[in-house]
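Structures given as structure tokens follow.
Across the two complexes that follow, chain A remains constant while its partner is chain B and subsequently chain C.
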Partner chain A sequence: MRSASGLGWHLIRGWALLVYVFMFLPVAVVVLLSFNASQFGSFPMTGLSFRWFVELAENEAILRAFETSIVLGLLTSIISTTLGVLASLALVRYRVPGANAISTLLIAPILVPEVVLAVALLLFLNFLGIHKSFALLLFGHVIFTLPFVILVVQARLVGIKREVEEAALSLGANPVQTFFQITLPLMLPAVLAGALFAFTISFDDITGTLFWKPGGVETIPTQIFAMLRNSISPEINALGTVMIVMTVGLPLLGVAVARRLAQRSGG
Partner chain B sequence: MSSVVLKNIVKRFGSYTAVHPSDLEIQEGDFVTLLGPSGCGKTTTLRMIAGLLDPSEGEILIGGKRVNDVPIHKRNLGIVFQNYALFPHKTVADNVAFGLKYRNVSKDEIARRVEEALNLVQLPHVGGRYPKELSGGQQQRIALARAIVIEPDVLLLDEPLSALDANLREDMRVELKRIQHQIGVTTVFVTHDQSEALAMSDRIVVMSGGRIEQVGTPEEVYNRPRSEFVANFLGASNILDGVCRERGAETATLEVPLFGTVPVPQDKAAGISDGPAKLVLRAEKLTLMDARADITGMIAADATVETVDYQGQTVRYFVRAGDRSFQAINMINERPFPEGSAVKIAFRSQDCAALPG
Partner chain C sequence: MSVEAREARQPWILLSPALTAVGLLLFVPLIFIVVYSFWLRTASGADQVGFFLDNWQEALTDRFYRDILLSTLRIAAITTLVCALMGYPAAYFIARSRGNKAILLLLLMLPFWISYIIRTMSWINILGVSGALNTALMWTGLISEPIQMLYNEPTVILGLVHFLLPFMILNVYVSLDGIDQTLEEAATSLGANRWEAFLQVTLPLSLPGLAAGGLLCFVLGAGTYITPLVLGGPSDAMFANLVFEAIITQLNWPLGSALSLMLLAVLGLLVAIYNRYLGMAQLMKGLG
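Up next, the complex of A and B:
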């Protein structure tokens, strides 16, 4: 009986391990090959080298794409977080007519396939006679990062008792002081998490970006996509490694910071 | 310190009326309890005084000034909430100091007054800790310190003891009363617990269904209930339909089934007239006696014990007499009467009250 269930668990464990290996092996290979000295982005490895990272740093197009991605990500993050916090406050703390409908509408972009959203926005703006621009790209990114910010911030805000704010008001703080002294510090972990979400999602995005970007503007993902069409350069491996460090490392760092903040605030 | 006056106050939520037109005067320095079951409008009333809710009609005066249009942060009130509502991201000292920061108090003065307030609630050494490091009872003391350190005109307590466990609740009850006495602040206390209300209040406002049922000292509302609701909410009562035959200078004579004629002291029979009347028999004043016991000076009837609810020091009996059931809460000397035994239920006429029928 015991050995049978023991065997069952071993099988499940082994299976789970295989699934993870299947998913992460390619990523590991990319990271590994980015340090390959050979000029072909494939095995066998001929030696350890940073040359592809150096070439990456000297590639004008990639640097421009990198800059675009960072600026786009930061702006998306700032705008999305600001809007998301305001929307969450309105939905959770005030009685807004049609709050449910508004909430659904704001969350909807997560549910709609991104391609559909991308095409729809493009067609709509075409119909209005507005041309593709960086602002449009930013607008698109804000639309589909906003739900993530709202979901995270709203969940936190619901957990902040209204009485805590009422107590601050009763002690003489006006509503604005109460927000900055009480509400914002208490929801800061969620705000930071939302901002990070928005940044990484924007930084990672390719589907919407391909539709919305004006000619000549490339982000990192679209740049990789374009490079792949010509050849598989080892530079792509190096770029992939940089992307992994940014999109995995940054949220992990964020979570660590948020956890420390939360610990301090008893949240 | 200020008086609080509610003039014809009404609160409606959509088509639902939470508080029907009500008047209330709270004297300076008084400890007044709003008592009633959930949904009776007591918390709504408190929140209107606090400025957390706008009254639909009527006026609220604090210290003689109309405050309807004064926002909460300018009312200078101390509020203690049921769930403490301490600021989790601030230390205890910062929590207590919070209100002083908005009152142009110097840094030294803030430190001094925070220390004083923490001493008053008997927690002088916890200033550097965070609220979650304290027990529930300690957190509630800090919440109280935070509310009184600003020297509020009125102290509002919204069921501050109900989140505490039973023993602690009784300690805090004494503590709260001591502190209120010491600083003498006008206090409005909301609770659904009748023993809290009786133990702590100068005056009790009994509420039901959004209306004020009775206002009086604990002794008044307990001994001289003005309505069936009050008689039943403050302890259990047996209410008998009867007829008032005669009203003399000292007693009003009621005729009730089972017991016959009962002379009720006049001061406990206010507002009744000849004709239908109700006799209020408190469960604690109805004594079970052996069927053959001497009942001189008491009014009695034969009964059978139906249910015995043993509570250690006391016992709650449900007995049947005639065609109705009575509730009696008695002290126990030895052992309670067993279920099914034949007994006498007896009471003294001066322990009764009468209500209009």
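Up next, the complex of A and C:
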């Protein structure tokens, strides 16, 4: 094909390459500097060292933030995925009157700017007596991740054939048995994908979290943000590297697991 | 109960937890801050319940708020334009390349998984006084003292572009990928050159994706306050920073409500115009 050899195509390819470099270079520098032996979080590199990771592991504040982020992410993920999977099932499997409007309602939390969502939730729940707390953080993260779960799960659910369930029913299984033995295993990759998505978004969130978190409680992103106030230290780069490994590694692992499951179930 | 009636009720049972959550945690709170914006923060620090127009008068007439709103929209517009210029060719490359499309797409998705705060602060390592660029320039002897390149409006835009570019590329890619390539070939066989074929066939057909990416970049860019705090100087506050200041620092919640609603109205108007002409379906394609 001509397009593969023309000058224009070469320009486009070069441009795309530059865009990828632009996307990844700063992140690569974070990872690189986190192994810097120098005590300043910057160039020049004086040698390779793991000392900043060791310091991370000994930093009480960071360990606490890590724990908060993990617990918050897991709870958010469980609640959001449960709500999201149920809603997606309804939207994909049933003819619901006004399904389009309901879909739009359910993804409304990401159509509203996150700052506005954060303010509204903070003020309303405070009015109800739920002040800045872990509970408020959890409510916030659930409502913010729910639309993403619904979008991901819905997209995957569409691919599951209804006939398999009907076959199980006609062979004598009751609806509950059918759900747990047929539908759920088929849905598992979608459910896992939604859960991972919710966890990562919660783990990464800072915009809403800064509004909702009580004083003294930090998540990893707000901890990094607070540390930036002083100056950029090698510790921040090390923490950044840990976060990159977690938030990139987990989904990749998830994709691999989902593919395995899908292969096994013949999907 | 008949089978039909049970069938008809089931989806609502499945939907009710999610709908309740969205209702109680989004819609009721939004209505609540509308009410709240008419209350008044008194000198003693308590909120006086009532119907006062003071917050709205301040938010709508104070030049300070108007100027920052305008500069926020300008920053979001420039960011969106830069994202489109950088992202379109890249998306075109992915859509038309043969071979490693899956890898290219995976690479594109990776930034979504890398924390926003990390990606934002990573530019300090590049542009900071002792960052990569200054170190390189000093090493080559082009400069003798490090230059302060950070903490201004261009670096805020840079940070936003870095954050939002994947949204643009993904949306443009989705719409380019859905275009039948033989259309372009048909145009060239009818005498158009490749550039003309692109301009008259491919580009118009990909506009919905470009618009969806543009909307996302604009709305997400205009609603941010973290990027200006990390990469901007004291005079680079965006509108969301004012909201953050009012709510968290000054604890003036009624004024903060009014400012939030102003931001929601401006960005909501854009989403509504988009929805009117292009519909939400295109946006969902890119998100899902």
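Criterion: the second predicted complex is superposed on the first by the 253 of 267 C-alpha atoms of A that agree within 3 Å, B and C clash if a C-alpha of one lies under 4 Å from a C-alpha of the other, contacts with A are read in each partner's own complex, and residues count from 1 in each chain.
Everything that follows uses one rule, which is that a contact is a pair of C-beta atoms (placed from the backbone, for glycine too) under 8 Å apart; a residue touches a chain by one contact, two chains touch by 3 or more.
Not measured: the values here are computed from a predicted model.
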item	value
Touching partner for A:179 - first (chain B), second (chain C), both, neither	neither
Which superposed partner A:146 touches (first chain B, second chain C, both, neither)	second
Partner chain(s) touched by A:53 [first = chain B, second = chain C, both, neither]	neither
Touched partner set for A:83, first chain B, second chain C, both or neither	second
Chain B versus chain C as contact partner of A:102, first or second or both or neither	second
Contacts of A:134 with chain B and chain C, given as first, second, both or neither	neither
Which superposed partner A:116 touches (first chain B, second chain C, both, neither)	second
Comparison of chain B and chain C by chain A residues contacted	C
Set of chain A residues, in rising order, touched by both chain B and chain C	none
Chain B partner contacts - residues on chain A that touch it in the complex	161, 163-164, 166-175, 177-178, 181-182, 185-186, 264-267
Residue ranges of chain B in contact with chain A within the complex	50, 52, 71-79, 81-83, 85-89, 98-99, 102-103, 130-132, 143, 146-147, 150
Complex contact set, residues of chain A against chain C	2-4, 6, 8, 11-13, 15-16, 19-20, 22-27, 29-30, 33, 40-44, 82-84, 86-87, 89-91, 93-94, 96, 102-117, 119-125, 127, 139-140, 142-143, 146, 148, 150-152, 154-155, 200, 203-204, 206-207, 210-211, 221, 224-225, 228, 232, 236-237, 240, 243-244, 247-248, 251
Chain C residues within the chain A interface of the complex	7, 10-12, 14-15, 17-19, 21-22, 25-30, 32-33, 36, 86-87, 89-90, 92-94, 96-98, 107, 110-111, 113-119, 121-126, 128, 130-132, 135, 162, 165-166, 169, 194-195, 219, 222-226, 229-230, 240, 243-244, 247-248, 253, 256-257, 260-261, 263-264, 267-268, 271, 280, 284, 287-288
